[in-house]
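What follows is a pair of complexes built around subunit A, which joins subunit B in one and subunit C in the other.
Here is the complex of A and B:
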């Protein structure tokens, strides 16, 4: 089946690649032009847009704030999901199936539904306008997803590994941290990737739970309208910069990507 | 595989439950609580039963947004699913290009959603956008901020650009798990590419495709950020979907009761859709044997 259809495969990939690349190419091009040149249709080349972002604290603070809550969220999600996923993959216990599906159903809740109560809840406990508030709010979808992915990866590890460690006289914590976690490190990488993916890209909750102090980059971007209109060049430059962390993360887990997208369930 | 019964495993689940209680259960209960009350201020509340629900279900703007939402989800699924499978089948199974292709495919998934909106805004604007200029160059007057049809076309193109990769990556991971022997048997029987797909690949892709449809169904149903940036819900209300209408109600007008009733109905609609899809897939699987 390869020979005859490989020509068509190259066409499909080529055309689709073009479709993916064209808007990104345009973003990059506008990012390297001054706003006057963009509006008048001339061509020039400037790094001024990037210089503006790196010299203006509103912009680089926004980046720092976003990376902070994404990091906190990832740490919380992975560390609470690890023991839970282990429990789901290794033991039967009262109500385990129901609990598992109920956890997943949280993934189906539209973030817009949570706007009102989140605002009031986080204000009440004094977390409003901190990165921690956004990190906890994003746990709404990253924690169920982490449990689901890790459970898949853990269930693919044969139980004989657990038993061998017990026979060798290792305690459960020793086994879990020194033997089991290194075995599923690919799965942990993929989980980090998904937590990052859903926390870094989110706008609605991040915007609702922050004011001026912890304002994330995505919110700064939606408010770039100044008195003279939108500065398209700076907006494009900020867009280019927000793609970079994602690129770094995906490069880091590229070997586990295929297995990760099947949530560990395909060997 | 038999797992031993051990109720102490609850201890492992406890941290997750605490986090989810804080980030989901308490807020959800608050919403349900609001949805049956008329709230004037913190101390003046009135129990109104299902009044807000009745009002929401009769609100023509809610029903319009719901219809638009269903149409949008159906359209993007109808495009993204076949296109994703097509792309996944075109990716070589091994070789040095695979890793690079997968990384490139994953890029749209990692761009913040508002930046996706910005990218397409910059790309499709008739004055400064490459796409807008091209279409105008063809003699079609393209302006997505004024023409509802053009706004829809741009939105659909954006969503396909953004999310087809997810379907493709899921389908590809399913394809790589099919043993080579299955292909050899089909080739010996003289099966063509379509027949290989229909009888060898599709049955083995069911599991990952169910995940793909579920994820796309719920996520497209919750879409907010991209249309908010690209069209702002306009022109008129032509691209105002449920999340946007709800947000304008909750944050813009601060109508706690109606917004809460809307929220509950919205969540139930997503659950219902996913459940309908899931049970129908399971049922048809059962019939096939």
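Here is the complex of A and C:
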């Protein structure tokens, strides 16, 4: 009975894995073929599509722009959210619960709601078409999310750690940076992961708030239609490269992700 | 090491209507192992935080060696603390954790002291490990070690430190802790709600109840002459039996169900209503017609020696539960009499033992 059900489980999981992997496989296959081969159905193998991306400034600038604003966004979100989450987790102040919920309710609004005000605001102060503009706009969503996640992790750390540090004669900054942050590094990893993922895949704000200078990769990908039709091969190669940073982030925080989710949620 | 003195310590949390601690007065001499015993909500944690300095105390209420420390930070008071669940710095190894409070000593001396204490606590094998690799008990031992490390420590506070330990280990850990305390001559205040822990660990015990210290004394004094009904009831397992009666001409009398009067013993106090207390150990079921009439309900075996079972007899006298601790041979449910050692009887009025209490009744 057990053998049968575990065999069943393997089948179900295998099919699901196949379902998830198929598009990625297809993308990789397209990326390694020339446009003619794709359209005619011939067999072919070429790295020319990747060469095109790494030699054409429109493409590699797109990647650079995206990585820039994602990095800025992640750094701002985590560094702002850490003290905020600590305050929510450790101090009781007037309206703390309401404020905390209000933070989360920010996440309920679709990004499109903020398009117009952001566009006008950034145009007015000359931030339009810079990576910083996109990074700041994304902060509106990633900061509440980060505070929310980090608060969970911090509240899982017993308050006696703070008290112990005080009894040991540590100042609050020393305690926070040298003792507390290492203790919740799993949570920071998870937060970085979520900030990265949001900012990396977000399209609407990134497209509206940039022109030609700071055009992100997701936008470049939507503009590959040229006079000669769609350049399928290069588009697929760009898609493959777009998956890679996400994979890298998951790889670096994978240990913390599993441990982190368990700490912040289950126990 | 320091002598710790509380002088009329009263503490009220901001926005609280009632004081959490009121008029606590206590002197703990240097090198004493002192236990604070109380149920949850008695104010133990608040008192602990006031002693450690996590909460500021009103001026003139807490003295370490005649220095008013009420407004000093914990580090300046030179206190260390062991928490209920182990607290260690995760990023450091056990050895680094142990050495941390000794940062004013030379490195070699730090290591020597740390290894010495670690060996006594039985954690010398895990000194180079990170806390995450330790078991819960090992972590707590390391936390205890850390609290004992500081060379100029004035007071070591322990907040129910053995909660994490299995019952079987508790005894041994307590003995280790006690031996270390004696060797280092450390002044220790051990907070617990477990009366066995308090009585077996401490030189003296203070019983805290609803923000007041009801009694401070040796474990023997708490057992033999509890100053307050609550102490009698809280100390001991099970606690003191209490029955209502009256004192007339120095004789302790209770009414029996059939309208008669029974003398339990002599009690040289003024006449009037009185509540009599006796410990289960001081009473035994008897076949003689004298003694307190009870209805035996059940027995609880606690152990055996020389082929005879010993344990508790659960009985009832006019709706009051009465326990005796005795040989269980021949004890059967049904009516019986309880003979109480007459000279050990304790009398209470308004909660306080006659002759004790705040008013010196």
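One rule holds in what follows: the second predicted complex is superposed on the first by the 258 of 267 C-alpha atoms of A that agree within 3 Å, B and C clash if a C-alpha of one lies under 4 Å from a C-alpha of the other, contacts with A are read in each partner's own complex, and residues count from 1 in each chain.
As a working rule, a contact is a pair of C-beta atoms (placed from the backbone, for glycine too) under 8 Å apart; a residue touches a chain by one contact, two chains touch by 3 or more.
Keep in mind that what you see is a predicted model, and the values were worked out from it rather than measured.
Asks: Does the subunit A-based superposition show subunit B and subunit C clashing or fitting?
Replies: Pair status: fit.
Asks: Contacts for A:168 in the overlay, against subunit B (first) and subunit C (second): which applies, first, second, both or neither?
Replies: second
Asks: Quick check on the superposed pair: does A:92 touch subunit B, subunit C, both, or neither? Answer first, second, both or neither.
Replies: first
Asks: For A:101, is the partner it touches subunit B (first), subunit C (second), both, or none of the two (neither)?
Replies: A:101 contacts neither subunit B nor subunit C.
Asks: How wide is the angle at the Cα centre of subunit A, looking out to the Cα centres of subunit B and subunit C, in steps of 10 degrees?
Replies: One gets 90 degrees for this angle.
Asks: Mind working out whether A:183 is in touch with subunit B, subunit C, both or neither, as first, second, both or neither?
Replies: Only subunit C; A:183 stays clear of subunit B.
Asks: Which chain, subunit B or subunit C, is in touch with more residues of subunit A?
Replies: For subunit A, the partner with the higher number of touched residues is B.
Asks: Going by the contact rule set out at the top, does A:160 touch subunit B (first), subunit C (second), both, or neither?
Replies: Only subunit C is touched by A:160; subunit B is not.
Asks: Is A:45 touching anything from subunit B or subunit C once the two structures are fitted on A? First, second, both or neither.
Replies: It touches nothing on subunit B or subunit C.
Asks: Looking at the overlay, does A:218 come into contact with subunit B only (first), subunit C only (second), both, or neither?
Replies: A:218: touches subunit B, not subunit C.
Asks: Rounded to the nearest Å, state the minimum C-alpha distance from subunit B to subunit C in the superposed three-chain model.
Replies: 9
Asks: Which bits of subunit A are touching subunit C when the two form their complex?
Replies: The contact residues of subunit A facing subunit C are 158, 160-161, 163-164, 166-169, 178-179, 182-183.
Asks: Mind pulling up the subunit A residues that touch subunit B in the complex?
Replies: 1, 4-5, 8-10, 12-13, 16-17, 19-20, 22-27, 30, 38-39, 41, 76, 79-81, 83-84, 86-94, 96, 99, 103, 105-118, 120-121, 136-137, 139-140, 143-144, 147, 155, 159, 196-197, 200-204, 208, 217-218, 221-222, 232, 235-236, 238-239, 242-243, 245-247, 249-251, 254-255, 257-263, 265-267
Asks: Can you tell me which positions in subunit C touch subunit A when the two form their complex?
Replies: 52-54, 73-75, 79-81, 83-85, 87, 89-91, 100-101
Asks: Quick one: which bits of subunit B touch subunit A in the complex? Just the residue numbers, please.
Replies: 1, 3-13, 15-16, 18-20, 22-24, 26-28, 30-31, 34, 83, 86-87, 89-92, 99, 101-115, 118-120, 122-123, 127-131, 161, 164-166, 169-170, 172-174, 176-177, 183, 186-187, 193, 196, 207-208, 211, 218, 221-222, 224-225, 228-229, 242-243, 246-247, 250-251, 256, 259-260, 263-264, 266-267, 270-271, 274
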